[in-house]
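To keep things clear, I will list the structure first and then write my remarks on it.
Naming follows writing order (A, B, C and D), and every chain is counted from residue 1.
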């Protein structure tokens, strides 16, 4: 491989643009070689902005390009697994946005292709790279709070996505809670054995009419005995609410939200601060960059990727278990799913 | 009834002394008429300290005293129900520490006796009178955070009680979580329909050997759709941890712990503050006083008591449901219990 | 002296009532023997409320009563010094509200009388007993923040007193900043050598018309080199603002305000909490009690009082220096005053 | 002028590299045309890293280059004024690090050259672009806290610079407090009329031996009556301490420090968080970028620069006044200096 990593980006939407900017501006070892998007104008716009030499509406152009070392799959979910397979077949390393797929058989086929090709696959659970959550993980790894016993994750969006998006999302557990399932595994460093989900519709009746929920609490039981709860809602009026607390035998660690500034105003009405960072692109700007830098580093130096294909599979299993639990009104063993 | 409320105290232990001090120092309308404790020396000591004219080892002396208007039952749990019945039969108003009993039949007999006698009964869920939790309740009642959707209660003790106490306590759900069950009902202002409990032993194996747990998460489903979680542990190294968060359609309200001072130290190691108030007697000193003042006020002015006999019964039902859920590994409808 | 301290209270106004309640309810070793107020009805009301046997409009009744061991002087400032002298002449120990007097000669006469009589005199700088400021003092005494270098005191009232009060107050430095001058000496444990004051009228022009200021910053130079600033205003819209920060060679300690509850509300407008405790009687309720308990303890056990007559004199000197500095527009050595 | 701004950088040290990275990665409209440094290797290293076509040890190469539109002066202080003059003579727009010079005559000559040439000059007071301080300024501009009355600035470094640097720095007031003098003017939006400085040596005796101080409090009087204090120290054990508070007629606004994460650890010792961002390059990373982006924008769109030459001159005058005040032990009118 060249000392520089030549990268193709598939999908020139919002997240594709974020990753392109990271590669262009913050990773001297990376070179943007090509960008593909079904919408050729979008591909061309991204290429123009970041001086990418090739823009195409055909991903096969990237897979077939022998100068491309790695691909970033930033296209819609349904294409993730087939593109992973194609990239692996072409011997390209892969960074793929989450989820790999909504269907376990598809995921397993993609992981098998990756294994067979001997390429690296990293899944885009960017929150693992956030300074707050890394600090929590470090507290657990270092023993700072002793043996963990309880985990509480709060994960609320500022507003629900458009109803059309909801309909194709696979449901809240697969679309939103999936990040929290990954966070739970990442922080505790152990597997979940059982989930029990309570959920409902409190934000928008049309979400319920679409067969989905917008508010949920999921109770987790880890193999090592840790008990966790995930507290989700599609709409928090005050913005993006992303916090965790882990309680252990020697103490506890909890994280607050991130804010645009550290100013406090006191007046005749209250003592207050501005709302937390409202949007996930603001809140996680650094973690999006860090995951891509970690991927480039892992490929160039032939190190293990920090978020593996199995890390991409597990949260899908958990989400399917949570959906089953919610529908059947009973705790579901993860082993029932896969 | 006299314009002054003549009060007899049954049980001269820790909580009996706290309530006696409130009546002696902070309630001009109350007069301590008599104190009873099986341990006559303890009764006498309390009487001496607060200038109570009568000290006895026989509660019947109090029940038989026509000058006594009301009794405070601060003795061990097993005596609560019979003493309520005896007091009611004697026409005394009753303030009784929680829980009324560990057995529903006993509770129902006591409540029937109270109803028949037409006396007032207030149950000692003091935390309802805490400034933080009252503020949360007010936010919900006033609509400040809109329609509640999610509730999270953290309730951790600084250290487990002696193992002998644990053995006679009825188990953590009945002894410790019972306060949180009451808090959940109080804050949301609705009944719980279903509970699901996960629990384990992470603090002290001898608690497990005694057949109890020391760490638990209980998931609650309210009739109005609110989903709640209660996060308990018998030991938090950093002290008494008592917080709640309620999330609603217009916003959220959460409470922090209370601290002995508001000082922050910054040095080469960290930016820190002293530990929160460590002991429930410090944390809830004002709420213990406020509940007794409210009782005296309700009796003297013939108003409804703020925590009724049914408020005392409901958390016992929930605790029994949580125990059943934990033992059977499934969600349990509260209606299965009683 | 009797094992019980018999106390006479002179002045049945707001602060007299606060101290009477402490003695009645929280100090078993104290007995309220008599209360005097020029307004006999006020004296009688206080006596009735706390079951004080003697109410009079003549303080001499208290000075002449051989059963009275100590007096609390809670009357208007102009009477403090003469009442101290009278009490000392009668052999009574004295607790006197601040300031001793607005005039140094008067103060010195009172202190001489106390010294000659060999009685104890404690001055009512209650804030020294506040949990926050005690914690700061402890950090300095223990070396937790190393050698102090910088001090910043914020002391703002929720609203100015009535203009008639302002006119008789001796000016803001003597009436309000005096507490902060005492706090500065208490926290740093050293004497101030020089002050420089900048001040103005930003709250109410009528305060300026009365020859006073309502907003000021006073810069202090301690003998040990510490540099301090005091930041005062007669009106903070958000309530009573009482904070300090001390910066030292090993770190810093700062205190926040005290709040009625520890709840935080997040909604579409802000993340906020309720206003801090608004009124000094709420903010300092415990420190008012603690200073009186300390006085009783010092007298009964013949220990040094925690706030001496010289502690009462020094802040008056500093206030006079600050006034001179403000008027002359230059730094003033405290030694220029007395 | 070309639609792209061609920029030459003079000085390839730490801050030169920071600005080069901003221009290279975050300002598509800018092109790095040349870099000069007396140390040619340093110039070459920067040029290599950011693909700058020209590296030289002679700034005149840049001044003489007709394709260069603007220069960033990032060299040592003594060269700022002459380089401004040279750049202005060559018709280049100038961004110059603070201070313009330590000598008013030099500053005035440089400003005259800029005025004569009709080029733009922006001075590098980056902190004006920090999110916290911008928020404070906005509160004042919008009337959110009413009419300002009091200002308090805390500005402490994590560690003093090397003693050799101190000797050539012009003294703490010119080297460190100068940022705070600018901040005071920026936040209040008014001129300072008088300063009074108290200072000493508490960190390192060798700083005193070099004739400088390392700890100071400067009291400011603004033309509009606002009273301010600046609290400086060369070493805070807990890191970089950069906070302000402004108190006004309708309320107050204060800023906290910035932290590397928002995690709180509770254990048997304390409730704590990690130290604030320790180094100014971390704390102000975004404000360094923002000021350069603002400069490019002002030049390309022919708008006023946000920090003018007069904004660069005023804090030098204030620093000279503070030095005079400290030496003479009296308040000094800014008009005494220039």
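In the analysis below, contacts are C-beta pairs under 8 Å (C-beta built on N, C-alpha and C of every residue); 3 or more make two chains touch, one makes a residue touch a chain.
Source: prediction; values computed, not measured.
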Of B-D and A-B, whichever chain pair has more C-beta contact pairs: A-B
Angle of the C-alpha superposing rotation, chain C to chain D, to the nearest 5 degrees: 180
Between chain A and chain B, centroid-to-centroid distance (C-alpha), Å: 43
Euclidean distance of C-alpha centroids - chain A vs chain D, Å: 39
Distance between chain centroids, defined by C-alpha means - chain B, chain D (Å): 58
Multi-chain contact residues (two or more partners), chain B: 236-238, 241, 250-252, 266-268, 274
Parts of chain D lying in touch with chain A, wherever the complex brings them together: 24-26, 28, 131-132, 134-136, 139, 144-145, 250-258, 260-268, 274
Interface residues, chain B side, partner chain A - complex: 146-147, 149-150, 152, 154, 156, 196, 198-200, 202-203, 215-217, 219, 221, 225, 227-229, 231, 233, 236-238, 241, 245, 247, 249-252, 329-331
Residue ranges of chain A in contact with chain C within the complex: 236-238, 241, 266-276
